[in-house]
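The following pair of complexes shares a single chain, chain A, combined with chain B in the former and chain C in the latter.
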Partner chain A sequence: MDWGEIFGPGALVVLLSSSVAFAMPTALAAVGETVVERAGILNLGVEGMLLSGALASFLVAYYAKSVALGALAGIAIGVGLGALMAFLSVTLGTEQIINGIAIVLLAQGITAFTFEELFGGEEQPTIGGIADVDIPLLHEIPGVGPVLFEQNVLFYISVALAIAVALLLTRTRFGLSVRAVGESPAAADAAAVSVARTRWLALLIGGGMAGMGGAVLVLGQLNLFETNVSAGRGWIAVALVIFGRWNPLLVLGGAFVFGFTDALQIRVQAVSGGIASTVPTEIFAALPYVVTLIVMVAATVWAGRDAQPGALGAPFRKGVSA
Partner chain B sequence: MRGITWKTVALLLAVAALAVTIAACGDDDDDDGGGGDAGEQADAGADKVKTAIVLPCPTSDTWCKQGFDAAKKLEAAGAIDLEVTTNAPQDTAGVTRVLAQYAQGGTELLLAHSTYQDAVFDVAEQFPDVNIASFAFELKDNVAILEEPIYEGAYLAGMLAGGITESNTIGGSAGQDVPLCHAELEAFEAGAKRTNKQVKMIDAYIGDWNDAAKGKQATEAQIDQDADVVIACGGGPATGMAQAIKEADISGFGYVGNMDSQAPKNIVGSVIYNLDPYFEAAVEDVRNGSFRPAKRYEFGLADGGVDLQLNEGYSVKEIPADVMDQMEEVRAQIESGEFKVPYVDGT
Partner chain C sequence: MELSVAMSGVVKRFGAVQALAGVDLELRPGEIHALLGENGAGKTTLMNVLYGMFSPDAGAISVGGREVNFRSPHDAIAAGVGMVHQHFKLVPTLTVAENMVLGQRGGPLLRRRELAAVSARLRALADRYGLDVDPDARVWQLSVGEQQRVEILRALYRDARILVLDEPTATLTPPETQRLFPKLRALAAEGASIVFITHHLEDVIEWADRITVLRRGERVGTLKPADSSAEDLARMMVGRDVRLMRVVAGEAPTAGEGRALRQRESAAPVLEVEGLQARGDRGTTALHDVSFSVAPGEILAIAGVEGNGQPELEEAVFGLRAPEAGTVTLDGRDVTRCEPAERMRLGMGLVPSDRYRRGLIRELSVAENLALDRLGRPPFGTELRLDRQAIAKHAADLIERFSIQVSGPEQLAGTLSGGNAQRLVLARTLSRELRCLVAAQPTRGLDVGAIEFVWEQLAAARDCGVAILLISTDLDEVMSMADRCCVMYRGGLVADWSRERLDREKVGLAMGGASNGGPPRAAAAAEGPV
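Up next is the complex of A and B:
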């Protein structure tokens, strides 16, 4: 087998450029989930938020014929489900794990039902795609240019959004509140930080990011919706937050490592002979998980400390000590 | 209003959520539409076979649409009373409940339109009166197998692919390495080699049946490696493939249903899996009492169960006339039984 077909300069650029684009929905959802978990809420509803965002953005883009409105609809439905999660988990203080799973099941049911009602028995509806835009000058940089600066507008917005949210968490007053609320809500409360308000905001941001992830998947890549089109990306986002040690930039990097190995495994299959290959395809399919796990375990060992937010998953009731 | 607490509101929300979920799971269709007028003919209802079809996806999905359309046709013809469940659960426990409900309700023929093997066997054993037709791997007295000789159509598609390709590289992607897909991709390659000795085929198994984005990525990887004619196997892989060939403006073949609308200029044709003869035969057997011991139903190219439907709008390349003639010749040979497409399922 010819490794030049995979790791040669030309092939590598194509591989990287496709893998960053395909990793984007997961990356957005994962960064959003990082904010939520740093605020002390374990939101397992990400998959449902991503899926709902995908359907909402598809429907709006399909009927209103506007990709921009579609993307906004995706974000809006994500924020809406974030609010539902916040109402259940923060305001009512009920079990977060169950709330998250309920949101996933609810989203899977409603999206399948809605899509069937609207398009059942018809041919697969599609929407027009969006063109790639080359960023002047930057796209001429060898290697990096074609990978990062010859993508579609949604890609650029997503990168900006993911980095902005990462900075929001690490560099702003609000970010400090989020981290305080997640580590020790009682202490934050004593310092006059509203635990409920901070957690609500974190969930609205996390939901919006997941919804945007769904929009990017549908509007930026597929131009169509299918039942369960999110195909587990939300669950991978939750895992990436743990792998990335609740550090938004590491999580973002982890999402791209995962996306790269995922693209790589398909490439390796093709080069190694596909159907005639002596290596079982299941080995290739496991590759992204194995590589991501190794990278993240190495990062943890290297950092040498536990990174999980102290109050993750625990509801906070004002005036009641834990 | 003091009596209404947040907890009550939450409970109401939960109930509403549950209701919607249930509504989504069981989209029952009680003999409306096509069957209505047939049912009005006096006494006609007496020998209608009470039938239910359980679909794993919405009816806009090509796989489910094929099954749904075939069942609806029989309903419209007045041969069956039809009940439909779309978006049935994929897990064994979930789909067992759906199937058992129909079996319990006196359904005579249950069309379980997916590889629900374990659930099908469970229900067949619990309810010995029900007849089931499904994509199982093993026959039971009351479980018939619907075969999927899609590879026959894929061979013809491959013959055209061999004539169309300029890079002499073709590609195939599938959900998983199952016999159905393995045979389809092998036949596609064999067909291509028949019209073009230099053809090289690259394949990928993406490890998922529903992930269209990954299917698209797999096809794009093949396009990067010079593939200019591709085929897919599985719902997600096929829809993703159609989007990839549209963007790259290369050629590809539809899978199971007519996929012309998904890439109007790029789909050369679709390998059709037509369930009409399958369901007709099963219904007929139930009516005559000859369903048991259950058999394998197999209708290939010769019997109208499989077809290669060409797309009028295809415009990426000119298909060489001699290749087209050769393909039509082989099609006739398959139909007359003179030629048998080799079945290689990788097991």
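Up next is the complex of A and C:
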């Protein structure tokens, strides 16, 4: 097979351009989950929020013929599931791991059922893609321009959102509360920070980001919905947060490793028709997950130091530990 | 003179337990007031009521002459009440300045400029009261004494006029204590009222202007230190004469004298630790080249201020934490790689510092906990069958021998008070064939009666020839129990004194890092990398 078709000058730009685009759904979900975990909540429901966001945005975009409304619907359903997780885990203080898994199972069931009810037996419904927008001047920068500045609107919004949320942790009063609440809720409580309120807000943000991730996957990338379309990206997001050592920028970097391998395997499959006949496509499809995990595990081993928020996964009950 | 705080007839119940049964307390501006009492006397509860953490069931509180009804610490802070908790309420991963900003109102953005202004104000306050702290340091990097200064600074930062300190000297070295009180005195001189909770008679006699003694939720009396002796105060506190108080009051220690010293010196050590090195939970080196040995019938005390590697030492010696280097030898046998179960089989026992987490299982009954280390083995049954009768009989026996206060052997261990929980742990550990006992902070948080009991049990085990490693941050405990004493500082041992050369002042200095008096090898270790 001809590697020039993948890594040649022109081809490389195409590869990198799709890498960053493919990374976005995971990146959004993972950055959102970083905020949630820094607040001390282990939300394993990300996959479910991503999947629900994907279906909601697809349905709204399909029937209302509006990408913007579709994206909003994706965010809204994510926020809704974030609220459900917050009610169960923060207000009721029940087991977070169970709640998260329940949300995934619930979302998988409901999305499959709804999609089947509406479109079962019909031809695969699709929605129109969205046009790429070239950012004036910037897109002319050789190499970088075509990769970063000839993408669709959702991509730009996602990047802005991911960076904003990453900065939220370090540069805002709310971010300070999030870090405090996740590390030692009792100390935060004594400093008159509402642990419950901070964790609720973090989960609403995290849910919204995951829902937005689903919307970007469907509206900006695939232009269709199918059962289990998120294909484990939510789980990868949870893993990225851990291996990214709860640092939003490292987490973002991990998401791009995932996006790159994803784009690469699709490219390799497309280019090497011959290999595809002997190597099962499932191997290619598994590649991004395997590579991402290997890279991030290596990063963790290399970093060594424990960066996990002190109170991750532990419910806080005011006044109990006086 | 107008009172800064007047609390009268304060009542507080927790379920069936009456923590405060109508307590009066008056604070004057410019005074240092000590609140003295045993654990469970209601000292902390009373102060938590003043700080708005608990609302009283009855009684009236006025601050600065005005009747108040605090619903949260927020209200109390606004009225000028600040509190320094025994377990500091600081977020370890944040900087000192960030901890000050936390929970304060302001715009959504956290600007560098704002943090810089906070740092500047902190520096000014720190200079004024001699509370030197780096505002930009992260809290987990600070020593316990520094963290306490941060807490005091936070109260001052919030313009507190009434400062409550809960057990301020419990985690400090004696030199740090000597530095703390003059600073509090300076604060009081500016008109602030200072209350400190304690059960250390020394602190009270030396530093308080007035003393209020509480016992079982009631005020026994308020007096001046000049009008009372340590013995009087102890009696007021406990309600009876207490033998231990002689030690606390600074008289000659009672334990350990005139026993078979010569025999100990000739006997081969039971426990030998050589070059032990281990990392803490955060990945930093917590133990650095730790070496010592304990002979049969000897208590080696490891003194030191909290946060200098004590939990890591406890865990590494017992096999709960894998060391990076070094060996642990038990009766000449290398057990460095042995599981705790294997060490226990060879005669090692542990009284863990965290007795509710490591010492017992809260959800199991007292009887089950008493047989926990032998469950599934004779005489308590086999791996497939528990012999309930044998477990119950064993429990009844130990409950009586160690006078554990329980409603019955089926009571859940999690409901035991601190003293009874420790009796349970001791009963289980000491009822086995023991060669070597690691006792970590065995009396932390216990009241005087329970401390007396624990010390007696340790001394009895020692007299039976058990080698005891006593890891303790309590200097009184070290002074009264140690046959030999090392001081732990920043993960290394910095001194090794025999009982005859043991001197309270020298130990205190070494705990603070001044390594004079120690042998040269140990002193060098203190300067090693941390």
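Rule of thumb we're sticking to: the second predicted complex is superposed on the first by the 273 of 322 C-alpha atoms of A that agree within 3 Å, B and C clash if a C-alpha of one lies under 4 Å from a C-alpha of the other, contacts with A are read in each partner's own complex, and residues count from 1 in each chain.
Please note the rule applied: a contact is a pair of C-beta atoms (placed from the backbone, for glycine too) under 8 Å apart; a residue touches a chain by one contact, two chains touch by 3 or more.
As the structure is a computational prediction, the values presented were derived from the model and not from experiment.
Within the superposed three-chain model, A:A298 lies out of touch with both chain B and chain C [touch as defined at top]. Contacts of A:Q221 after superposition on the shared chain: chain B is touched, whereas chain C is not. Of the two partner chains, chain C is the only one touched by A:S184; chain B is not. Of the two partner chains placed by the overlay, only chain C lies in contact with A:F174; chain B stays clear of it. In the superposition on chain A, no contact is made by A:V290 with either chain B or chain C.
Of the two partner chains placed around the shared chain by superposition, chain B is the only one that A:G129 touches, whereas chain C remains out of contact. More residues of chain A lie in touch with B than with the remaining chain of the pair chain B and chain C. After overlaying the two complexes on the shared chain, residue contacts for A:A164 are found with neither chain B nor chain C. Those residues of chain B lying in contact with chain A across their complex are 6-7, 10, 14, 17, 20-25, 27, 57-62, 65, 68-69, 86-87, 171-172, 176-177, 182, 185-186, 189, 201-208, 210-214, 216-218, 220-222, 224-225, 235-236, 239-240, 243, 247, 258-259, 261-262, 346. Only residues 48, 53-54, 72-74, 77, 85, 88-94, 98-99, 101-103, 106-110, 281-283 of chain C touch chain A when the two sit together in their complex. Taken in their complex, chain A has these residues touching chain B: 5, 11, 14-15, 18, 22, 25, 88, 91-92, 94, 102, 105-106, 108-110, 112-113, 115-116, 119-126, 129, 217, 221-224, 226-229, 231-232, 262-263, 266-267, 269-271, 274-275, 281-282, 284-285. Of all the residues in chain A, the ones that touch chain C in their complex are 171-177, 179-180, 183-184, 186-188, 190-193, 304-306, 310, 319, 322.
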